[in-house]
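One structure, as structure tokens, below. Some questions next.
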């Protein structure tokens, strides 16, 4: 096979592996920010969720997302990724039912694997926001819905040849498709579940410190690392100039967000809170995900700085709104997923690394692109939030969403799994 | 003087502290402990092997007070810790012949507070 | 016999052990504890939400001694633990009617050491 | 009433619990503790610097019982904990003038069990 | 040099690095499943074992495994990987003494490094099964024997041009060569050592909970991640279709095994035990290791489902058999290593990704291939178990195998290393 | 674009990602070797330091290091990596102001990203040595100086076309440029800060055990893993023979150092100390960093063995010298950075993997190369130590270096960040 296919396949698979590795990062961040008594449960959720994604996306999700169909949903080759396909043939040469992704010249299963790890990321985002009170089985059921229906449908709109892509909306690596989708579904879950016992006792907000900030820090490093697969990999081709550029915009946004989040938390809280620094890093990464290939390194710096401020304010805002998100998933993925999507409309430079996005507002492109981006933000938000509320409601009705008060007090590790995370350690749980 | 030892449910610690403050009892020492009493334990398992856990997490309070504070202290603890359910805990009262404040080497009643 | 309970600053544990050895008190039991007293606590925050911490880390000593050792033990503890600053801690002395050495089943005074 | 405090080897906890159950003593509180006694410590080192560890891991039991239970409780603890080797531990018996069950506010003897 | 050599070398080295990274995974899983008081010792064992492998495989192991020789053992270029070799020359063009591996066109040290990390994996598998009671030095000595003799001999049989490869037996990435070999050696160690104090007191099985399930979970994620080097890398060439296919069969088997192991443990134990979920993942990965390149994605799903069930039953069985394996190494690597090797004989499809395996039983190939696979299972099992028993016995005689009862009670960290893993933490060790 | 550029870019970016990942390793090792009460602070420092590096190196550092200029410092294209550049054009074809690095044919931002992660490593080395007593903000300020001035200047001398490179001194992957620089800056910090309270009480050396040796072990594994990016990646081109060779010399040195460090600590301390084993691994890796491409595998074994001995003796020596380095950063990076640089002068073989280093002393090259290497050791040592002392002194004067005694006793986590690392756990801090 000619070199290009080989090189592109290597690039796609290696970056996909890095994105897969982000599952470890999410597991570590989310359990680290939660209490020791719920650690086994969070680890279990974050571990099994990728298994669920793998099966859900294989059996139906892929078909819904990439199958040729209407502007709203894929219809052909729906099940078991089993439609006709002659990858790595590209463009004209491609004969098959997954034409929306025939722009990349890698073998079929390489495409599938790369798309799968993105689907898994969207699903795992939900886990953190609903943790410390949700039933294990209820989360598993929702994850199946997420990976077989919710994510693939939005994915079809933006990356599967659906109406948003036709419209001219751009989301390079998934600020909307992955992070906002995960964020909206998480928000619906938080609303349906209500806060953890003691979080908002008699009117005032109580701090419920995470049990292991080492774990949370390592997890954030892993996510940062994995993002070098997430963004540069989304070229799905080893285009030297593009991947180099994206690696730097991605890293610069993260760095800037770390600094601004740390500074802002220092100013607002009085001390540089590690949790905020970590969330800041993730906020910058989420925000640069959509525009990473379309904006200059300078713009990525600016985007990062803003993202870092946004996330700190958002964390405090959600507390004020009495929305209990133990790990800051909403502030990171929802708020900055939206912000990042909008940034494309503001900072994009036409053909910067090849893609003809047209210019964003600040580069003389006017409101055209920005309008498309906002359309996506609103429509995706509406769709995902509504369908998720419905899904959570149905689950609540059939098997229930929340563990008993007694179980929540003792911890979900014993209640849901009969395990203890740190057997032998003296853990003092007074809430 | 008396030394009051109380075992309470961990999640009741804050309530008990509040009611003790209300009763103007400001000094205390807190230790985590495992308790076995009427309250039934729970079942754990690990890699397929089950185990009965009957030592439950409790918080142990130690409060030294002068005689005239004994009853209000007890009342305050009960007020904060009582739910009426098994597992609420126990209070033990011991005689305390002597008490010394290390900082000042004061002894007896005035060293307690 | 007496049972001496002392709360001291954690970082003073080694000094106290030294002075106890000097006073020929070799046996003791040590537990970590959280204390609330005159010493003011500190402010913590987590993800933007503040919290007052007024339970400070302390070390709890339990030492059973015969009558004739009581005073020297107390003196030794004070010697090792005293800085003159708030938070130095407290010593409580209880009567100890009985003491048994499990290994030999000896009872009373000779079981203590 | 009496308050029985016992220090035992950690790995003997289960045996002691068994023998206490046999003696129909079902209620107790357990804390981990570090003990310094006859039993000699061990040597640790960290990055080339040595340190003597003479505070050994022990388990501390606290059991409140009525007078008629004192002896059988002591016997049960000894039965479960005794190996005849240094480090077996100690039992201390204190007078317990008062005992309250938080749940029912019962006092005295009937509150103990 | 022409592109193919460059691309293949990159692929071989990068995947080898991922496999190297699995050492971290094993260290985390095994120490997480053990008690805090033995954590330093397990970390030390899992850390030094790769150093031992590196030296053992360099000095002798490589030669024994790949040196031209008899069907049983390599003889040429035995020491210090120093034989004549003109890699990256391939096939006909190859002139050297390591012809069995001349089918891959990468430079010599790239071949060596890739094979080394596999040798290291086999050695590290033993560590977990014998932990919490074995002497540090005794383990080190055994690891030298393992990496200089036991592993290379079997490796020669299957991958070094030995009798099993000539016979027509297939083990793509090492269900037999790596995992069964590690498993059999571990079983011998478990037998020779006996159970940990308290594990099987007066007839009944006691649970000895691991001290850190966060660590165990992270470790399993790392192993899953590393397996994308282990299996797709075993092409030792960047063959786009093959590596994409293998990435997906590997992941699908893992996902299926996670689901089935979780479900079965839920049914048998009453709750979904995290330890079983994690072991399930590894079971699926081990089982798909031999057949990953020879079976369809559908088959990999089935293989995974079965592996997940097997591992849970095996964990319980070994307890019943009074074989004390603290981390489930036998259930994962031995049982599923055998199962995976057999799966080739059942599910293989001829030339699916190129290799002419012939069809397995379920694809009309009859019992021929299955027979070869079973021959390997039996012969390797016999050889490794017997030689390991002898090795362990000799070590026992000369330096002893097991630490003193007093040391075991206090913990091997203090006894063997004079260290504590979690200084400052209150760890309550009542067994 | 022609394959070579694509392959080289992939290699450069992927190895750069591995080096980035080393930040996690440093964070884990350093916090694991420190006490629980300072864990949040160390994690914060090691996390933010890469953000600082990213901004510092982008705004000024890159230009100082690679900008065309004098033998001492870069002058052109100084700010924001903004000079003229037509990468991936190479050698003759290159037109731009960063000609010193035009020997590699990858796009500009790929070069930048690769060099950035090395700069970050140098900065992060300082963190460990000064931990458990330094003010958070003071460390951040120093890190800016480090990444904008100190590191880039030395980098210019050796890799940026400066006087040392002209002289004929060789440092393949940075034993001097990265590790010695970090080590000298750390030494200056240790001198200016003084020891932690209680470390050298009334004349005798006190052990202050790290709080989490699991974390430290995982961190060391990650560093070992990352080093396969650090050394083989420094080819900045996918040269198959070279990268395979480097991977094996790197690993062999690490393995040998692990064995010798463990043995020596067993002989000197009485037991195999895990901390020494881990430091041994890092020592071997640092020592082989400069010579990895210039020496044989046999030589790398020898280099590793010596490095392992050196690090154990150095750790004990620094204690005797009353220099309090909680994590052994000086023994690892400074001592072995120097040793590794010298090894080039001793073991180098001309053109072994292409570079015309000339032969080292032991290969008949006489003292010529060795002389150049020693010149570098001395000049770099002088420059970095002096400028660092000045920098630390200024910071001390302006904002102070060290936290208050009370804060140090309670822990920097609460003092500097208002956080606790392990909320809920009973941590017994008696020093």
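By letter and in written order, the chains are A, B, C, D, E and F; residue numbering begins at 1 in each of them.
Basically, a contact is a pair of C-beta atoms (placed from the backbone, for glycine too) under 8 Å apart; a residue touches a chain by one contact, two chains touch by 3 or more.
This structure is a prediction, so every number in the text was calculated from the model and none was measured.
> From subunit A, count the fewest steps through touching chains until subunit D is reached.
Graph distance in the chain contact network comes out at 2.
> Quick check: more C-beta contact pairs in D-E or A-C?
By the number of C-beta pairs in contact, the winner is A-C.
> Taking the mean of the CA coordinates per chain, how far is subunit C from subunit F in Å?
Chain centres of subunit C and subunit F, defined by C-alpha means, are spaced 46 Å apart.
> For subunit B and subunit F, what's the span in angstrom between their mean Cα positions?
Chain centroid spacing, subunit B to subunit F, equals 52 Å.
> What whole-number Å value describes the gap between the mean CA coordinates of subunit A and subunit F?
33
> Hunt down the residues of subunit A that sit against at least two other chains at once, touch-wise.
Those would be 3, 7, 10, 14, 209-210, 212, 269-271, 273, 275, 418-420, 422-423, 425-426, 428-429.
> Of all residues in subunit C, which are in touch with two or more distinct other chains?
Touching at least two other chains: 31-32, 44-46, 94-95.
> Any two chains that touch count here, so list every such pair.
A-B, A-C, A-E, A-F, B-C, B-D, B-E, C-D, C-F, D-E, D-F, E-F
> Residues of subunit F touching subunit D in their complex?
Where subunit F meets subunit D, its residues are 205-210, 265, 268-271, 273, 275-276, 279, 312, 315-316, 319, 328.
> Contact residues on subunit B for subunit A in the complex?
Of all residues in subunit B, those touching subunit A are 10-11, 13-14, 32, 42-46, 57, 59.
> For subunit F, which residues are in contact with subunit E within the complex?
It is residues 3-4, 7, 10-11, 14, 18, 35-37, 209-214, 217-218, 220-222, 224-225, 228-229, 232, 238, 240-241, 243-245, 247-248, 251-252, 254-256, 258-259, 262, 269-275, 277-278, 281, 297-298, 301, 422, 425-429 of subunit F that touch subunit E.
> Applying the document's contact rule, which stretches of subunit A touch subunit B when the two form their complex?
So the residues of subunit A in touch with subunit B come to 198, 409-410, 414, 418-420, 423, 426, 428-431.
> Name, in rising order, each residue of subunit A that touches subunit E in their complex.
Answer in residue numbers: 1, 3, 5-7, 9-10, 13-14, 16-17, 20-21, 23-24, 27-28, 31, 39-40, 43-44, 46-48, 50-52, 54-55, 58, 80-81, 88, 106-113, 116, 136, 212, 215, 416-426.
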